[in-house]
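Each chain gets a letter, A, B, C and D, in the order it is written, and its residues are counted from 1.
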Amino acid sequence: MKLKIIIFTIISLLFSKLVTAETAPGFSSWDEVVKAADGGQVNVYMWGGSDAINGFVDDFYGVPLKEKYNITLNRVPLKGTVDAVNQVLSEKEAGVTGDGGSIDLIWINGENFWTLKQANLLYGPFAAGLPNSEFVAWDNPAVNLDFGRPVDGMESPWSSAQFHFMYDSARSNYDDMPRSYAELSDWISSNPGRFTYIRPGKGGFVGTRFVKQIFFELSGGQEQWVGPFNQDLYDKWAPKVWELLNSWENDLWRGGETYPKDNAEMHSLFANGEVDLDFTQSPRGAGPTNTAGTTPPTSRAFAFYENMIGDFNYWAIPYNAPNKAAALVYANLVLEPELQAAQVQPANGFCCGWGISTAKVTDAAGKAAIADAQNNLGDAAEDQNILAKALVSDIAAEYQDLIEADWEANVLLK
Amino acid sequence: MSDLKIIKLVKNFVGMDRPAVNNVNLKINSGELVAFLGPSGCGKTTILKMITGLFAPDNGDIVLDNKSLLPIPTEKRGVVMVFQNYLLFPYMNVNENVGFALKMKGIDKNVIEKKVREMLDLVKLPDIGFRRPKQLSGGQQQRVALARALIASPRLLLLDEPLSNLDAHLRDEMRDLIVTIQKELNVTTIFVTHDQEEAVLLADKIALIFDGELQNYTSPKNYYEQPKNIKAAKFFGGVNFIKSKKINNEFISDIGKINYVGENINDLNDEINITVRPENIKLSKTNDFDHNSFKGNIKSIIFSGTHTRYKIIINNLELECSLQSLGIKNINQGDEIFVHLPKDKIWGMND
Amino acid sequence: MGGERLKIILSLTPPLLIIITLFFGGIFYGFLQSLGYQPAIGKYDINFSAYYNVMFSERYSKLFWTGLGLNLWVSFASTFLAAVFALFGALAIRKTFFAKTVCNFIYSLNLPMPHLVVAVGMIFVFSQSGLLARFASQLGLINSPGDFPVLVRDKYGFGIILAYIWKEAAFFFIILMSVLQSLGENFEELAQSLGANRWQRFRYVILPLVMPNLFSASIIVFAFSFGAYEVPALLGVIYPQMLPVMAFEFFLNPDLNARSEGMALSIIIALIVMILVVFYFWLTQAKIRKD
Amino acid sequence: MNNNLKKINVYAIYLGALILILPLIAFFINAFSFRWFYPQIIPKELSLQAWVRLKLIPKPGQRSIEGFLDLWTSNPAVIKALMNSLTIGILVTIVSIIIALPAARVLGLLNFRFKKLIIFIMVSPTILPPIAFVLGLNINFISLGFSGSFFGVCLVHLVPIMPYVVLTMTGIFANYNPDFEHQARTLGANKTRTFFLITLPAIAPGMVVAALFAFLVSWSQYLLTFLIGAGKVMTLPLLVFSTASSGNPALTAAISIIFIFPAILILFFTSKFVSGESGATSGFGKI
């Protein structure tokens, strides 16, 4: 353990020397950051809807933060990331500046990030100033664009995720699973009452994603959706999507009278046998929830052959964060190759994938940990080739808002 | 006609080591006003509640007009009870309170109204029909409660401590009212009291109850002159008890031989108590009595207005004597005195 | 006399200060914001457009009016049913019997229970895969969870009503028990001896006697269930949605303009509660006076 | 009463009691089981995993006294929230009692103009929904710097508590005879001694009930803590709410059990005050 600390300090020292030009605003060196962070508390505001992720953050980040940096982790669970955005907006409205705010870090991406970035409510650019930034594939558009919007160093990646499905091998066969929305339509009509999807809306971004993918399939592919928001394109396809969703209604769980609000509710319906399909965002498929005991141990994953949205998620620091130094230390810590490997290991319960490019890791310990994680996918995961082939990136944030409002008007309240 | 017979009535309560009511037999004639007298907790209210049907007896029977009451539910017995604290329904005005029983029978409103007015006249409370119970005095509440009980012409009226919550001056008034109404309506009535004076003043007959057992059931006058036992005598103010042995038709006691001519002489056991009321004892400085005259000493003198009480020790026995204060001759503490127990005023009891 | 007055003023000031500044101050500021007056983001105009938006705009009117309907239904139904259950429970339980103390304790158990926990408990017991559904399935009454009636997270608010009954029945129960105990059974015995049967004793004696207490307790319960957030947030569906949940969602919207709508909605909720309570008060007082 | 009817009555009561504690039973099964899914009635896998994940019980193999101590001193989120809830509850209760005492005395013993109006103002927070004032208060608290602070949360908790405490204690003073104090003063006790020897013992039972209720109101508070605490002041209800929406019933049940424990304890100790004829319930009735 001591050796690791020494190696770690040496590495970070080296980096602080190398990237001095790029340190975060307000600090002249990484050393200074670490020193300023010593003895403080870091207030981490993150969506708390998965106890697996909550536990992972407490165990894998809380402990080293305390032991190596003497920083106390205060994880604040949110119902939706928008709560944190709202808090920053309220503070702005009330004129709280400097380090008078309450939030140090927000787990964020997409529209929420865009809202804060546009309103100049973020601290940075800081991402490139983190020593571990060297592992991040900043040249990859999937990383440097967030929902099609430039990141500009105002947030630093944590992990990645890809939408796909779960089924229970005790109840259904892998071979019978639908592989496209067209097949899903048939599956729903031959299994009435056994399917539902998460309501697109607050806390239900997975549901929004599920609906977005319908746009891709009906319009013949995701490519035309990349780039800036296109109202005409949306208007052309939206009615057809609502038509499809409405055609399912009678065969949905509870006749489409209501929908689960978030993935947790969906897992519970699936685990208790109320529905037969579930959504997952984890490259490990059903592994994380199987470990946590929120889905039956016989749960497995499958993906459509096309249009499965994947994305990166990030950490951002508000302009008035009370302890920016500790926030930087935290954002750097999560990019440690060994911790990245840990977040991929099914046994640790975190449901997301790599935030770094594993190819960029050079030290032996990191490489070993990465290799071990990659060999240890578990039997609850979908074939990684199928996932990779189906992978598409997310699209401009405006679509999300529009889909949520229109779904409510055209499907829920229709 | 409503003759009430109480036959071998028994009631036990969980957690009590003796029966609350033990083998009580009683007959009340139609139109009589009977008092159940006894200290609190003696079981008199329990008997009342068994007559109303609020308690079911463990054994025995209650018969009204030769028909057992027991199978009949309370509300159909025609037995009405007036509770000690009147219990006027606070959310109803006087008219509604009095008319309650008729409303329960589903009687026409106009009829009820007329009956209520009659009843309020009877208890001498016209013109207060729209007041609320809170606005009435204690005496008025008692009368409303009485009117409410009488409106349905009950076969039997039960009054639980009807006078105990009233001020002294109201009591006399209320007592007269109860007697007048009872005689006027000729309703068989039982009332419960712990106050022997009240019982004596009101009742035709008194049932004396101790520890759930009926001690004595007779007219008030007899309780003073011919009590059945020491307990009964004590309850009516008896203080003088002389233990005596019957030997060859003579009664021998600590103070000497007693000449006894009471009518129960043949029913008496060998060991009895002889009692005499303080006001029946005569005193004299000289021995001028022809029988039952004993010599003692004055222990104490208490002047209490019209009467003066003397305590006299005769051969270790203490007797109390009450004389009219007027015309007393010079008797002082410690004086030697002759005590006379007139043979027609003494009474022997087996226990 | 002057000293007395000073004493009264000094004693009453601290709690009044808290209530007036924090409570009424909060409502007043919320009202200002609902009118669009938000100096922090440079808005000084005053208008009722937020109220109009919430109640009549195409986007929200359907949500608002269905939500209001749900609110009224849930509050009335849960208040009434909780009072009825508590009344029968209290009437049954006040007579002595075996394990009375234990039952008494269990019937009061939900009083100190936080609403949140009661709501979670309802999910555990009444959901389509909850404890009751499992019993039903073991007994062969249902084949799959879908056959079990939808009692939690349903559009009629049954789950919310159940949670409120669970919780508030205990509140009614404790109040009723204490009233019944202090009244004793004499009034009923008296009425019985005056010829009142079981139903008449309930209707003409017990009910009017406990009514004043039942009435004040039901105002609290009604007002609470009308404006509370936690239970409908956990047990409600996304449509129709109870008004407090809707107001809170508005408030959490990152668009600061939506805040005016949130404030407007919460002021509307407060106003409705006030009107209903006054109306209810007037109605029951009139009834009590008539009786 | 008819005996059969009586029996049916009693069985109905038992059945009611059983239904009432069903949720509680579900909590306990959930908290000590793993993968307790439909249609199992009795869980297949009993487990302490929920408690391990909440860091209240160490992982298997470390369950020694040191293991427990190490774990608990590492300040896990549940214990932190528990301590926060307790501290806020106790602090707020004490403050509210101290503030309410003189006011309740005046309201209970004296008659004066505007008394009804003042009582109406005091009870208004029990009638009007908290959402109506806390949304407006939020911005003010943020600009005053109270938001996200312990102090701010305590302050805002006083609002729903104040009416209960004032009313309960007013009820006590309405049945209180100040002549006892006058008697003590004529016998030579000074003001302080009179308060501690006469007033306090007389109002203590009612005050205890008021205090326990005040504590419970603070203990169960979700919305106010959430908005004013801004996530920085983590209390048990916030934890319960977020766990309840994170979809692990075992964790939710375990936290809920911790959350309701003091509540049940309080009921146990107050049931004799509450069910009897006491000022506390009449205080509620007066609202």
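Just so it is clear, a contact is a pair of C-beta atoms (placed from the backbone, for glycine too) under 8 Å apart; a residue touches a chain by one contact, two chains touch by 3 or more.
Remember, predicted model here, so these are calculated numbers, not experimental data.
When every step has to jump to a touching chain, what is the lowest number of steps that links chain C to chain D?
Each step joins two touching chains, and the minimum needed here is 1.
Between what two chains do the most C-beta pairs come into contact?
C-D
Suppose each chain is reduced to the average of its Cα coordinates; what separation in Å results between chain A and chain C?
38
Averaged over CA atoms, how far is the centre of chain B from the centre of chain C? Could you give it in whole Å?
57
Mind checking the centre-to-centre distance between chain A and chain D? Centres are C-alpha means, answer in whole Å.
38
With chain centres defined as C-alpha means, what is the inter-centre distance between chain A and chain B in Å?
Roughly 91 Å, centre to centre.
By residue number and range, which residues of chain D touch two or more other chains?
If we look for residues of chain D contacting two or more partner chains, we find 37-39, 139, 143, 241, 245, 249.
Could you list the positions in chain C whose residues touch two or more of the other chains?
As it turns out, chain C has residues touching two or more other chains at 40, 129, 145, 251.
Indicate the residues of chain A shared as contacts by at least two other chains.
In chain A, the residues touching two or more other chains are 83, 93-95, 261, 268, 272-274.
Which pairs of chains touch each other?
So the chains that touch one another pair up as A-C, A-D, B-C, C-D.
Please give the residue numbers of chain A that touch chain C in the complex, ascending.
It comes out as residues 80, 82-83, 85-86, 89, 93-95, 112, 115, 193, 199, 201-202, 253-254, 257-259, 261, 268-269, 272-274, 405, 408-409, 412-413.
Taking the complex as given, what residues does chain B use to touch chain C?
Per the stated touch rule, the residues are 49, 52-54, 73-77, 79-81, 83, 85, 87, 89-92, 100-101, 103-105, 148-149, 152, 158.
Contact residues on chain D for chain A in the complex?
The touching residues are 34-35, 37-39, 49, 53, 55, 76-77, 138-139, 142-143, 145, 147-148, 230-232, 234, 238-239, 241-243, 245-251.
Under the stated contact criterion, what part of chain C meets chain A in this complex?
Residues 38, 40-41, 59, 62-63, 127-129, 144-146, 150, 153-155, 237-239, 249, 251-254, 256 of chain C touch chain A in their complex.
Of all residues in chain A, which touch chain D in the complex?
43, 45, 48-51, 54-55, 58, 74-79, 83-84, 87, 90-91, 93-96, 100, 102-103, 203, 261-265, 267-268, 271-274, 292-294, 296-297
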